[in-house]
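Next, two complexes with chain A in common: one pairs it with chain B, the other with chain C.
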Partner chain A sequence: MSELLRIERLSKSFGHHRVLSDFELAVEAGRVYGLLGLNGEGKTTLARILMGVIPADGGTITFKGRRITFADSAFKRDFGYVPEDPFFYEEMTVQGLLDFNAHFYPRWDRKRASSDLERFALDPKSRVGTLSRGMKLKLELAVALAAAPEFLILDDPTSGLDVPTRQDFLRDIIRELSASGTTILFATHMVHELERIVERLTILHGGRLILDEDFEKVKAQYQTSLEDIFVSLVARG
Partner chain B sequence: MFTALYFKEWREKALLFSFELGILILLLLAQPIFHQKRDIREWTAYAVLLLFFPFAALLLGAAGFESEYRQGAWAYLFSRPVRKPVIWLAKFAALLSMLAALWLIFLAAWVALPGVRELVSGTRILLGFTVESGLPWWSLWQSVFLLTLAFSLSLLHERQFNILFLALLVGLGLTAAAWAVLSSKAGGFLAWVAPSKALSIFLISQVLVALAFAAASVMTLVKSDFSQTRKQMLSFVRWVMPFLFLAIIGTAAWALLAPLRGEHYLSYLDSTGGEPYYITERGVFKYSAAANRILWLAKAKHINYFIASASGGKVAYTAFNIESRNDIAEELWVANTDGTGRKRIIGRGPRENEWPREVPIADLMMSPDGTKVAILSAHAYISQRPRERPPLWIANTDGSRLESFPDDPALFGDSAERYYHHLVTWAQDGKAVLIEKRPYGKPKAFSLWLYDLGSRTARILLDNAVTASWVSPVSPRGDCLAIKYQKSPEKPWRLALLDLKSLETTDLSKGEDRVWSQISWDKQGDRMAYFIRRAQAGGPDVYVLVVYSRAAKKTVAQKRMTTSEFSALLFWPSWTADGEKLLVLDRVANGLRVFGPDLREQGQVAFPAWMNTPAGLQVAGDQALVEDDKTDSLWRFDLGKKRWKKLY
Partner chain C sequence: MIRVDTTSFIPIYEQIKKETVRLVATGVLKPHDTLPSIRDLAAELIVNPNTVARAYRELEQDGLIMTQKGRGSFVAGRAQPDIEKDVEAYLVPVLDEAIAEARKFNLGTERIMTLFESRLRKAPDKSQRGGRHE
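Up next, the complex of A and B:
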């Protein structure tokens, strides 16, 4: 498989608190990556740096062999992003938000956007500000999917979802995306969710990866649940 | 992408825009509603221009990134595939167009409501600059400036009030800095001597500061971390410093290099001893016939009045010594005609308290022997009675004495009316001065007075039954004046001579001839050349060049020149030093026409092609000096060698 994304020596601090320290990761195209980490370990920071929302203090990121910087924007056409906390222009309607986004993505799929609204039971006329957190997450997902990304970053997306949607999301949507060749980076602290979908497991701790291995190999090596593996690795540091 | 972002801003700020639009419409409605109450109309018009637009701009600008902060949507926006400068520009363009829309409403009211037009025109405003009819444009630019400042700062903080306050502080800070600069010597010079340039410097500095803030804002957005307010602010400060430094350099370069529009000039002043004097923005020079070159008498930038003694021995001039905008002293200087022996009679220095510095000098006249200068202070024009200071002063040119003379109510007027006074000349014996008096706004009631310096009283020479158009310069011998006057509006303009020895007047006009132009004395002061307009039965009036001889007491030559008033307006006569030739500058013929004393034409000298607008002919020795009005240059034609040469 070809390499889609490479992160080298990435670092980021907030004040004196160093969140990422010489972080390294290579992402192969078409696979589902699980990024596990405790709260505050830097999963969201990594996602935001990758999306060009905040700048890194150092390090390089290469996407499809080309280095990308904080000032670049073109690469984001191939990126989808579902953040942990939904943030939108609250005055917009659901349909208005989709139309607004359609201007930015050349592969924007209007049919997919409409069908996802139905699938998630989102009223196109509703104002975004009136939606619950879970509904906003669904909307984020609908926006990300309609953009037909090559690389989708999911930053703990299921924490606000109701059980049926979470099931739908984890079982069907991720599988569907994976089958279509979309590379996924699924960052979460909810270990059990990854077990059903992840192909390669990475664990972020202390600002760097302490594990980056195919999930099948990890399971074979440790012969225990993912939760136990995660706890023991984090405890070991 | 730009369009999507642009309209998103419009949708987001629609409420704020509607709020501002509502206030503007309410303020404008005051114009037709209170059309009888001018004071209310005035206040609302000024409130729109001086308060509404600046604050509307500040509010719009400060709200620039408000939705991104309020809704946490900055992370959402920045994760879209759009370049951050495009985000910045789209937001700014949207806010600017909202401000423009508000301005269009105001301009429509300006066009539609005569009351608004009348109120906002002809206003003098702000910073000591005289900005005629410029209040709306000033307000327009200030609102754009404040919008740019506020918007540039709006990405730094989530509390929009802080942004608004900071932008206001920067705007006021810049204005305060401008005040501080204007209070300095250089600033005082600019504001006072070249207000148009001072204004342009102020505006350029605002443009550059606005660009510095905008550039720093874009760089901060592109480079810094929106999630860390402190870091973002520090980043902005780091970016804005070099840009502000460049703005200061740019402003200084503009101040040094930009031309002083309208400040370059050349004007003929006076002639003594056959040598003409010219004033320029750099000082006063004379053309020395003996040295055949120009000779600088005073290289001072702010010369106001300049006079020379009839004997040719001394010159005097006033110049402004500018320490700061609020500390400007008018100085009177005396020098020899070769520029040597410069002495300050009035101004800064040990004797500065002798002269009432707060009142400008209104006129100067040198005594024929060059030993005294008569000074008329602007107190002569002040209607307030009693005057705090006397209007007439006499100074010795050696600096030994400065003496004031008592106010004479008959001459200088009572409190009921304001007058314009002009020092015409000294009496030939140096014991009296002649003063012309005209009431403001009344062409009639011109009178000529003699102020006796011995008895310190004034008496009237020509009563106020006539209207005088002009009083000629005193004759080269200092013994005679010519006055163009009219006995009543329907009567023709006539010419009278006033003998300064006997103080008797002689009427020179004959029949219905009308005196047309100023006179040109020959170098001996015997003959005068001037134009008259003569009516012809059944035909157009003709313009006739006339030579009058004081010795012969009659017109000794005359020549019909043209029937065109336009051509006649462009004639300038001047005698050669030996009095054997009279040269006339003829713009229509595009050359100099040379006449003998009998006014027989002896030849013509064509102007060279590079002379744009020839005007003002003076003859010194065998050189004809012609000013070029367009380029403010002085050209010399050598009557012997038949060659043109640029002198200045």
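Up next, the complex of A and C:
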């Protein structure tokens, strides 16, 4: 298994609030990583730093052996991102949004984008502003996947959605895994979703990882559900 | 057909294996029947495809299924006694756990046997063989 991404001694503070503190993680290609953490504990900050939206205060990120910095933009073409609160140009049409994004990604797959729209029952001519929250998520996913990312970051994308929509979303992630073996970092506090697909479990607490282990080993060790494991580890911290 | 409990601490791939053995043992899946593709089963169960892949790999190692490139996976044409060995392998931990529970209440072997037999006789026998003693 090759190492896709290496995060070393990553730190980030907002004023006096230390959100990430010597955060370290090595990501192997083709695996699904779960990043569990309570709300407000740094998952989104980490995602934004990885996406180059905000700079870290310290530490290094290495992608496929190359150090990447905040000023770098080339790596962004290989990263996909589905955030919790996607920002859309509400007046754009669905197709317009796809076409807009296509420009930024050299591996953009038009066919895939079209078939995803069809599968998600998204009307290309509808305006983004008229879409429900669940439809917006599906659109966000379609955009992320059409770009054929090597590394896909999901930052609590399913919170607030109803169960069938969450299941649809997970199914699409699973189809993506089957087809392309994309490396995924699934940051969330929704343990039930994670439990189904995660291979490597990490728990973020107090600004750093308090757990970084194969999920199967964790389950065998704790002999209980992921929810109980998470609560017990975080309560102690 | 197959169901898994993702909150259980029994690994999902183990559950898939067990369920497949059960379907074969009960004749729901017959020799040479095709199995869902890894991709389809993963989507249906909403689990990681690697988990399904691992279950299929181990079932193939155990000789219960066969996979052919381009043609998918299907139930191997195995003899019934072989399947029964797999069934027993899955039942042993279940029985061990029941025995351990009984022992916690300090029940002796004779008592456990009597209790087990009386429950067994009460339970309906859905198998195709061995119904004579009911």
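In this text, the second predicted complex is superposed on the first by the 227 of 237 C-alpha atoms of A that agree within 3 Å, B and C clash if a C-alpha of one lies under 4 Å from a C-alpha of the other, contacts with A are read in each partner's own complex, and residues count from 1 in each chain.
Going forward, a contact is a pair of C-beta atoms (placed from the backbone, for glycine too) under 8 Å apart; a residue touches a chain by one contact, two chains touch by 3 or more.
Fair warning: this is a prediction, and the values are worked out from it, not measured in the lab.
Look at chain A after the overlay: chain B and chain C fit there side by side.
Of the two partner chains placed by the overlay, only chain B lies in contact with A:Tyr89; chain C stays clear of it.
In the overlay built on the shared chain, the residue A:Phe100 is in contact with chain B alone; chain C does not reach it. Of the two partners chain B and chain C, it is B that touches the larger number of chain A residues.
Legend: residue contacts after superposition of the two complexes on their common chain; A:Arg175 is shown touching chain C, with no touch to chain B. Of the two partner chains, neither chain B nor chain C is touched by A:Val234.
Shared-chain residue A:Ala74: touches chain B; no touch with chain C. Put simply, the three-chain overlay gives an angle of 170° at chain A, taking C-alpha centres for chain B and chain C and rounding to the nearest 10. Per the superposed model, the minimal spacing between any CA atom of chain B and any CA atom of chain C is 27 Å. When the two complexes are laid over each other on chain A, chain A has no residue in contact with both chain B and chain C. Listed in rising order, the residues of chain C touching chain A in the complex are 6-9, 11-12, 38-39, 42-43, 46-50.
Residues of chain A touching chain C in their complex: 32, 167, 170-171, 174-175, 177-179, 192, 195-199, 216, 219-220, 222-227. Within the complex, the chain B residues that touch chain A are 1, 3-4, 8, 11-12, 67, 71-76, 78-84, 222-228.
Across the interface of their complex, chain B is touched by residues 14-15, 48, 51-55, 70-71, 73-77, 79, 81, 83, 85, 87-92, 100-101, 103-105, 129 of chain A.
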